[in-house]
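Take a look at the structures listed below.
Next come two complexes built around chain A: one with chain B, the other with chain C.
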Partner chain A sequence: MANFHVEKPVASRGQQTARVARDIRGGGMNRDRWKTIASVLARQGILVAFALFLIGFSIFSDRFLSPENILSVMRSSAIIGVMALGVTVVVIGGNLDLSVGSMLSFSTVLVVDLHDKIGPAPAIGVMLVATLALGAVNGLLVGVARLNSLIVTLGMLSAIQGLTLIYSGGKNVDIVNQDQTWFKIFGRGTIADIPTPIVIFAVGAILLHLMMAYTPFGRRIYATGGNATAAVFSGVRRSRVVFLTYLISASGVAIAAIILGSRVMGSQNNVGQGYELQVLAGVILGGTSLLGGAGTIWKTVIGVLILGFIQNGLLLMGFEYYVQWLVTWVVIILAVWLDIAAKRGRLLSPIA
Partner chain B sequence: MKRSMKALVAGTTAVATLAFAGGAWAEQMKIGITQNNVGVDSYQTTYEKAFKEAAAANPDVDAVVLDAGGDVARQIAQIQDLVQQNVQAIIVWPTNGKAVVPAVKKAHDAGIPVIITNSNIAEQGMPFIAAFSGPNNIEQGKEAADMMCTGLNGKGDIVQISGKPGYTTAIERQKGFEDELAKACPDVKIMDTQPGDWNREKSQRVMEDFLVKYPQIDGVYAADDNMGVGALNAAKAAGRAKDIKFVGATNFAVGYEAMKKGEYYGSVYQSPIDDAKNALQTAIDVIQGKDVPKMNYFKTPQITEKNMDQFEKPAF
Partner chain C sequence: MSDVAATKIPALQLKGIVKTFPGVRALDDVTFDVRAGEVHALLGENGAGKSTLMKVLAGMYQPDEGTIEIEGTPVTMRTPLEAKRRGVVLIHQELSLAEEMTVAENIYLGELPRRSLGRVDWKTLFAKSEEILKRLNCGFGPKDRVGALSIANQQMVEIARALTVDAKVVIFDEPTASLTDAEKVVLFEIINDLKARGVGIVYISHRMDEIFTLADRISVLRDGGYRGTLVAGDTTEDEVIQLMIGRSLDLSRRQHAEVKTGEVALKVEGLSCGKLFQDVSFELREGEVLGFYGLVGAGRTEIAETLFGLRRPTAGTIEIDGKETAIHSPADAIAKGISLVPESRKEQGLVLGMNCRDNITLPQVGDLTSGPFVSDGAEIAIFDQYRDTLKIKTPSWRQAVGNLSGGNQQKIVIGKWLAMHPRILIVDEPTRGIDVGSKSEIHDLIRELARSGYAVIVISSEMPEVLHVSDRILAMYHGRVIRRFTAEEVTEDSLVAAISGIEQEQVA
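Then we have the complex of A and B:
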């Protein structure tokens, strides 16, 4: 044990010396190119991890990389994915949203229940308004009243669960004419031979990516999450920005509810239970900083897909479920570690 | 050992006394019930409604109906309250089979008989209860295995989608199914088992993965119809539903509908109304000193396309 601790810094110091020496001697073309590749890899550690998992699983299961499996995993990841996109925006803005799980239950129960009562289009409209209203409550409490987002959304998690139970009276809701309604397009249909959930997920990711990367509003969200005080002094209206991030998150939940309701053609009161943690895991896997101010939308997409493919790959390899839980944990740690290690260029932190 | 024997004797005597008292003077039997988590699912909601109706219909019964809201601490407090109120019997739907044992023991020591309903108390609590009233989940697993065997003519490869890991109901149904299948139908093989967590969407996801993994699946056993219909959804989307026999348990309205359409082979009919009535009747019988079997199961018959017209469509 003691040896290990003593040896490590020495070894890394040795590496450093070698690196310096190499730099002094000056690198040729090859070395420069290698360096560029290395620095690109360093920035995209999570992508490397993703590729490694895909290769690893495909060695053990010949069906893993079949087009039907890939489409199937992406389709079922889309629900978590669409929610994760919205939550990424909230997290970049410096807050958390843990209420998305029970919000998903609420919205799905609402849209499925109203489908048979007032028709699909009005049902979607009412559900959208109700879900945005819940998002607005989060937004007002966190953005305007400046309460701690962890506490607010954790409270909302159970409050909305209660709301769902009051609304449904504890009953499951179902859509009776599953084959006739056009509502089935969202969860079961295809657009140009691609399952609709994947299309929705992709379009949502592109739109939010454009918003975050290229619009002043996106930059305001980064600024608010990075340093709220500095942002306010630079003229950013912090309350409004935070409020809007929660509306974006709620919209993500509403869209996920439409996909889920259409896919299952029914809903239970606890259908979204625990989804908030999967969503958050996807966001963190994508490298978005929980402290706010840093992160990208498309890496969240990768994070969500990693989670989906791990669960699918382990099942295809025939692991028992409890082994799956453990392996999922190991893979998440490895992915995050690889990401950080690639950024700092070594496995362990140089600072003790 | 000695003390528990003493408690048992004391308890039994108290029960006998109470039973005598009940028969002799009291016109009304005061029965308290603390339920698990009403409103969380259709089954429990229907159960509570049926229990209240059955209690109201019986002029000899005065029922105190409580709900623990899924909270163990609240349930323990409710059991203590009922003891204080001096009810003649307490019916408990345990929020947690282990955690309620001390409270149940206290009620038992106070001379109030405890009836456990729907899902049983842990083994160490068994000496303190007068009776268990509920479905026999091992038996339900067996019945599902028999239906699967008949449906596949004794030969085929199947997958199993179990309930939430750790739930007694999930464990018992799985055990009953696997044991009976191995015994009565050795040529039907279970290729894979994964939990669906009582969640239709989760079950649908698991089935999608199964469909990718196994080019040939002859049957699916799901630990309840809610998950069974999720699996059916996945198979339909993959265009393979016609080649697969679906067998579930706890017949849900969606399962009933799918059965009517010929898409769903069989299930086990478990009515929350029967469950509630059986619990109340067990409590009444215990108070009146009748001979009640310790494990007082109510009937949960098989339901298939052939006999489904004898059953009402489930309310959940």
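Then we have the complex of A and C:
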């Protein structure tokens, strides 16, 4: 007996009726709509948060959304922003860079000190080479020697501090003729009425965005950060990719040092201290995964701007400047939490 | 018609289960039950919804609609731990162990025995684990680090996990995909033992022989819908496949038509790599499929990795197109026209968080540019081509590969390397996790590639696969080529004898 023992015939009538009934009830549709909203939030949550902040602060302070204020926030965010762009690239590649803060101190001291000694253009050149050399050290240790990036760059943070002090002998440096040098254009000047730091930040963001989103090299960085072994099996030269991400990060620092040096025209040995955390905060707020393989440049831009606007908004509302540190922390936690909650569809989950 | 089990209340019953993901209705009104003391096989094509259904069962996914009943009582299972406490344990398709921890910790993960102040009670932990491992006849101890174990042994750890509770239902999701035949025998003994003790088993596999050895009943899913249940004793392979894919398959052995081979594409002489393999020599011609058969650990994968620039040979030479060369890195191998479909899709084959298209084009992304930028059109064209050739099931190219079903992930890896149009194609366990229909299509594809001039190496632990696609077969044993066969002369018995070392004479 050919027992085709089908206990339930294929797509039975009952099944079809059930499906129709479900569609009529509309329960399924509603659920789908919620899912869509949740997934939009998951992807664009950072934008929504940004909009909410702008609205919130503008209710409390009418100066907040004035063009002057917006420009000023963007200008002061540019230094951290430029560094955050480079660090985003490193993080997407699956590593960390905690050395950017003390690297900024070093590079700023160097460029400011050399400015009067050998002239602005050579000073910039020498500083650029020196900064890239520091980035190359990171890149060699992490990319080629495959050491843990947290340890390497944390070590570099301290080593570069030492280097800076050795170079300057502990003395502050400044530029004497602050009004005459063309070097002032980077920090104090404008291009087409827009402050130069904003222009630099914007151009850097656009270039790096194009690189990450549309070039083969960008693709290789995502692949390396996402699964280094699979990337190698796909012919990606992992060491080279990681090495280059650290050079990019160092370039960001060098540019930030030019902006900072030109703006302040002088430098203490520890100007960059603590910048690494602000930079990382901007990167995280932008939703870049610290595990590597995911994130976008333009969201880092928004992350950095959110930080800037929060700090500015708090000042305008009359809080002491140190309150911003606490608030920043809360915002980061909320951002990360909402991001992950939207992805899994609920606030707390036993499975990740 | 005798159906003894039908009289019992099912140990576990799923009714009207619906589960959707963005763009995919993975389960659509599925009904399924498991009875105490039976093996219930769940079949379906890649992406049919088998793993998803089991994850619903084991508390990893919440169904959008539908009910789960355990011994007649409706339950909701919010977490895997909760499911486990209710006696439902899932052994995953993709292993999910904490590699840096010991075997014992993994077995009792989430439920480590405690002493006062929440300290782990190591003594009890190791003793209890030891006992379970003994029951499973494992060749490793509770204190070994999981990451150091072979895949098969890791699988055993997963199984050991299931034995810590008084399981009512144990689910095996493609457990044999990476097991050797000997290990399979052990696994089947365990399953039969569980069954005899009244545990209900759900068994997912794409291998028909296993299904018919083990299963009492067979249920089939297709495109997320429930297609029916058959009693294993009363049905045939053909009937099951018919229900699964809607048509019959011709699974007969290939007729060996005359192969037209061309130039020698690859010549390997005296190749050795430390203790992994020694003195391996062979020639591979254009238009030919060379099969490597042997036990896991016989050195086949290591040879492939050496040819792909992932390992340095310690002796011997490699010639490509008559010229001796050294292969320094995968990038170098790719430039020399070699592709490798690696053994492990999750670790070596895919960037799981990346979308389908970008995974397929990754090895050649540098050549798909217009100006400095990657050409979207070129990439999508490649993706579309291989989605169609390999019937990859995904809502769009934007889907992250990690969200595809296991078999469809494997197809992405194959597509990625076919898209390179290599001169020499090496595939290592190419059809792991792939359903019967697609499997025979991939075999045909490999033959087709050879006919059009590719030189192909197939490494497989599945004898029918090697027999089916190869023109010549090298049998490996303990790192050496122990025998060479041509397709005409090879028999299953001689192959088995060779790879188990029964036949020690080396035929050059």
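Here is the rule we go by: the second predicted complex is superposed on the first by the 292 of 352 C-alpha atoms of A that agree within 3 Å, B and C clash if a C-alpha of one lies under 4 Å from a C-alpha of the other, contacts with A are read in each partner's own complex, and residues count from 1 in each chain.
The rule is simple: a residue touches a chain if its C-beta (ideal position, glycine included) is under 8 Å from a C-beta of that chain, and two chains touch if they have at least 3 such contacts.
Computed from a prediction, not measured in an experiment: that's the story for all the values here.
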Looking at A:Asp116 after the superposition, I want to know if it touches chain B, chain C, both of them or none. Which is it: first, second, both, neither?
neither
Could you look at A:Gly235 and tell me whether it touches chain B, chain C, both or neither (first, second, both, neither)?
second
Could you let me know whether more residues of chain A are touched by chain B or by chain C?
C
After lining up the shared chain so the two structures overlap, which partner does A:Gly170 touch, if you call chain B first and chain C second: first, second, both or neither?
first
Of the two partner chains, chain B (first) and chain C (second), which one does A:Asn312 touch, if any: first, second, both, or neither?
first
Quick check for you: in the superposed arrangement, does A:Ser72 touch first (chain B), second (chain C), both or neither?
first
Taking the superposition on A as described, I'd like to know which of chain B and chain C A:Gly226 touches: first, second, both or neither.
second
Kindly list the residues of chain A that each of chain B and chain C touches, one partner per complex.
none
Residue set of chain A touching chain B in the complex reads 61, 63, 66, 68-69, 72, 75-76, 79, 165, 169-172, 174, 176, 188, 260, 263-266, 268-271, 273, 312, 315-316, 318, 321-322
Could you list, by residue number, the parts of chain B that touch chain A in their complex?
38-42, 44-45, 165, 192, 194-195, 199-201, 204-206, 208-213, 226, 229-230, 233, 237, 252-254, 257, 316
Chain C - residues contacting chain A, complex:
1, 16, 18, 20, 22, 28-29, 31, 60, 64-65, 78-81, 225-231, 234-235, 239, 243, 308, 310, 329-331, 333-334, 340, 342, 347-354, 358, 362-363, 365-366, 368-369, 372-374, 416
For a test of understanding, state which residues of chain A touch chain C in their complex under the given definition.
1-11, 15, 18-19, 22, 28, 31-32, 35-36, 39, 210, 214-216, 219-220, 222-223, 226-227, 229-237, 293-294, 350-351
